[in-house]
Amino acid sequence: MNALLQKVYFGLVGLFLSLPIIVVAGVSVNEKQTLAFPPQGFSLGWYGEIFTNSEWRSALFASITLAALSAAVALLIALPLAWFLWRRHAPWANIFQLLGIAPFTLPPVITALGLLTFWATTGFYGQPATAVISHAIFFVTLPLVTLSLGFSSIDRSLVEAAATMGADDRTIFRTVVLPLILPYLISGYAFAFVLSLNEYIVAYMTIGFTMETLPIKIFNALRYGYTPTMASVTILFVAIAATIFGLVARFGDLPKLLGAMSSRD
Amino acid sequence: MRREAPQKFSDYGPLFFPAGMLIVFFVVPFATMIAVSFFRRDPAGFYSPDFVFDNYARFLSLFFGKVLGFSLFLAVMVAICCVVLAVPFTYLLSRAKRKTQVLWLVALLSILSLSEVIIGFAWSTLFSRTAGITNLLVMLGIMNEAVALNPSFGAVLTAMVYQALPYTVLVLYPALVRLDPTLTEAARTLGASPMKSFFTVVVPALRNTIVATLIMVFIFALGSYLLPQILGRPQHWTLSVLITDQAIYQSNMPFAAAMAVFLVLVTLGLVALTVYAGRKGEAA
Amino acid sequence: MSGLTLQNIVKQFGTFTAVRNVELTVPHGTFVCLLGPSGCGKTTLMRMVAGLDLPTSGAIRLDGKDITNVPTHKRDLGMVFQSLALFPHLTVGENIAYSLRIRGIGKEAQKKRVDELLAMIHLAGYADRPVAKLSGGQRQRVAIARALAISPKLFLLDEPLSALDAKLREAMQVELRQLQQRLGITTIVVTHDQREAMTMADTVVVMNGGEIRQAAPPVEIYRRPADTFVADFIGMTNLIDFSADGTGASVLGASIPGLAIPAGLESGIISVRPEDVHLTAPGNAPISGTVTFVRDLGGTIETFVEAAGKQVVAVSMPNARPDVAVGQTVGLKLNPADCVVLKS
């Protein structure tokens, strides 16, 4: 009875969460250029459209490039910072931890506006590189949190053991710390990548008038002309996110990763 | 390994790049934004340097008061709906098999990472006349004719709950996983039915976590800027929408900046409250 | 009949059988200890008695009534968890009163009962303290009081003392036994500590691999173990192979006259407690061996002797201190009455 109640509750939440995706998936296979549901006819043509239509293709390319680069920069900021905070006793340096977490905690429009005023004032407004740096700053929180968690799970006596065997700091980092931290490095990158792929407002405020990322393209399509390609792109994005998080779960300990992620300790 | 304080200058090496990036691209922009909030609007370009309080003075209008009031009301509603839905759900999830948990976590993360644009599009489709949920009801014979359910307040609220629910579950998840399962077992041996043990043990034991979660979801919902635009009428627009609107379409950066600073202050106040609630939780 | 009866209880988790074919009767008012190494199924068995796990098959009866499918909260039992599971958001008094509150008992009656119980556990006046402010021993008592608040038919304790330090644990064992005798309540304790079981129980139930290996009073478990596992698990023992040919038995290359071997048993194992192994001069005993190690623990002295390629331990009291040194040859004397003959 109670188990049944639980199943029903899970089912309802699951339905609520999947309903929009089901409808969008239905819309994406319409035969004609209509947003009908249930779909009229069946065609995978709108998925092909993402790659054949030059506007959608370049938006996809821009989004993936932006996500890949900004996640890498975020990692470059987070890794030395998390390592330093773990390795050294320097309470004042925690301010940088706080700075790394702030952009993601504040309402996104604030970070976006801050960056917009900054790029406008310095005269770089509209250049593609500004979006990469902006996203890197906006999403640095994710690798920072996963890496801090990763470092805290390393037994410090391992470092001491390596030192007794003659390894210096740099060698220890390369041969002991890095291999142990790798899963956290990868999941931090994955989180930043997926979120950057989906991010709208920061991208819009920094390069919105010069380039189109996929979310910007979808939003513009929402305003200026619906097409089932929007639906097929949406489904593609859900699939990418599910695949990446599925891989993180497959090769890492997702419950553990999330167990500390939101508690911020 | 003993954590030593940095000795030599080179010990600070790893800090240079991260600190530089965060200062130049977060602290400086933030400061710029605060500065701009005191600047004067320049119709020709972005703005011209000045020190005026005009942008803040504009808050004192009925219109602004209404927008602020609605933003707060909407965020509170979203937070309450999400927490009410998520607490029992997350509790059951944290007690489920590991495989079930991982599956749900992947699904929740996937939805959490979805762009607001995509969520807005999906729900606008779901609420539309041509492809919406009402078509299903027509097919089932419950309704005579498909209707559009948006723009409306209900549509905005539903989509925002959809957006914030995965976040709520993921915020609650660590606390619920760490909740000692023998507490509810003990309650059951002492005569409490599963339902009663949930309300007399789980909920009170997590009181502080639940309060903190409410505040965090509230902040999260406050940041929503596209859903009210896509699914609501202009009277459903929030402060975030207004900031974007002023910055991009009205080209009034100083006013947008002033509103953003104000929003930061509200948010920081709430974060402080969360931390305070957390501290109290630890002390108890 | 009154008391608890377990009939052919089986519990499977997937393909793993945690508890197999357990039959056990616990008469009303007795104190039973479920004893065994970790993973032997003792906690699972107790959780099934509590209704926290359901048996795959079999029946549980309490006072003649089948309670196998009765949900936990309707079983009217009291349980102390290994983690204690005190509610962190409630005070000492509120914790103890929880089961009364759930049952809708009036505030006055609740308070009266709480005071009664606090007096019983020597914590009178602690009602309003938060549980976090208590010491380990005090929390232990509060958990016990909470479990006893409704005067349950069955009192279950899952490794209740494992979190306490050794001294406190010994004291609590005595206290718990005295409390149980005063209240006359049917009690089951899960433990892996044989000393704890011997101190408290009327009946010790030794489990291994999900099965009951022996259920008997403590002294019988010690003196007459049912098999080599029980003999080895309870206290220290020497397990020595023997062979028999119908006329007598040969142990460590010597025959022990008077050792009764069941007819037809050609070989097996005898269990001899170290205190029953007597050291003598080499010529005075049929078995002789070489001393390999002497451990003087103050209270007792353990002598390790290698005889016929096998290590045998003898324990002596200080007043009978054997005059032996490593490398010395000694004789070993075993009384037939002290040897328990077991199948190998």
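As written, the chains take the letters A, B and C, and residue 1 is the first residue of each chain.
The rule is simple: contacts are C-beta pairs under 8 Å (C-beta built on N, C-alpha and C of every residue); 3 or more make two chains touch, one makes a residue touch a chain.
Computed from a prediction, not measured in an experiment: that's the story for all the values here.
Chain centre most remote from that of chain B: C (centre = mean of CA atoms).
When C-beta pairs in contact are tallied for each pair of chains, A-B comes out on top.
Distance from the chain A centre to the chain B centre is 16 Å, each centre being the mean of its Cα atoms. Chain A and chain C, compared by their mean Cα positions, are separated by 55 Å. Under the contact definition stated at the top, the residues of chain B that touch 2 or more other chains are 194.
Put simply, chain A touches chain B in their complex at residues 2, 6, 9-10, 13-14, 16-17, 19-21, 23-24, 26-27, 34-38, 73, 76-78, 80-81, 83-84, 86-90, 93, 96, 99-100, 102-103, 105-118, 120-121, 133-134, 136-137, 140, 156-157, 159-160, 163, 194-195, 197-201, 204-205, 208, 215-216, 218-219, 222, 230-231, 234, 237-238, 241-242, 245-246, 249, 254-255, 258-263. Within the complex formed with chain C, the residues of chain B that make contact are 180, 182-183, 185-194, 196-197, 200-201, 204-205, 207, 284. Of all the residues in chain C, the ones that touch chain B in their complex are 50-52, 71-79, 81-83, 85, 87-90, 98-99, 102-103, 130, 132, 146-147, 149-150, 156. Partner chain A is touched in their complex by these residues of chain B: 1, 3-6, 11-12, 14-15, 17-19, 21-23, 25-30, 32-33, 36, 46, 85, 88-89, 92, 98, 101-102, 105-111, 113-126, 128, 130-133, 135, 139, 162, 165-166, 170-171, 173-175, 177-178, 194, 219, 222-223, 225-226, 230, 240, 243-244, 247-248, 253, 256-257, 260, 263-264, 267, 271.
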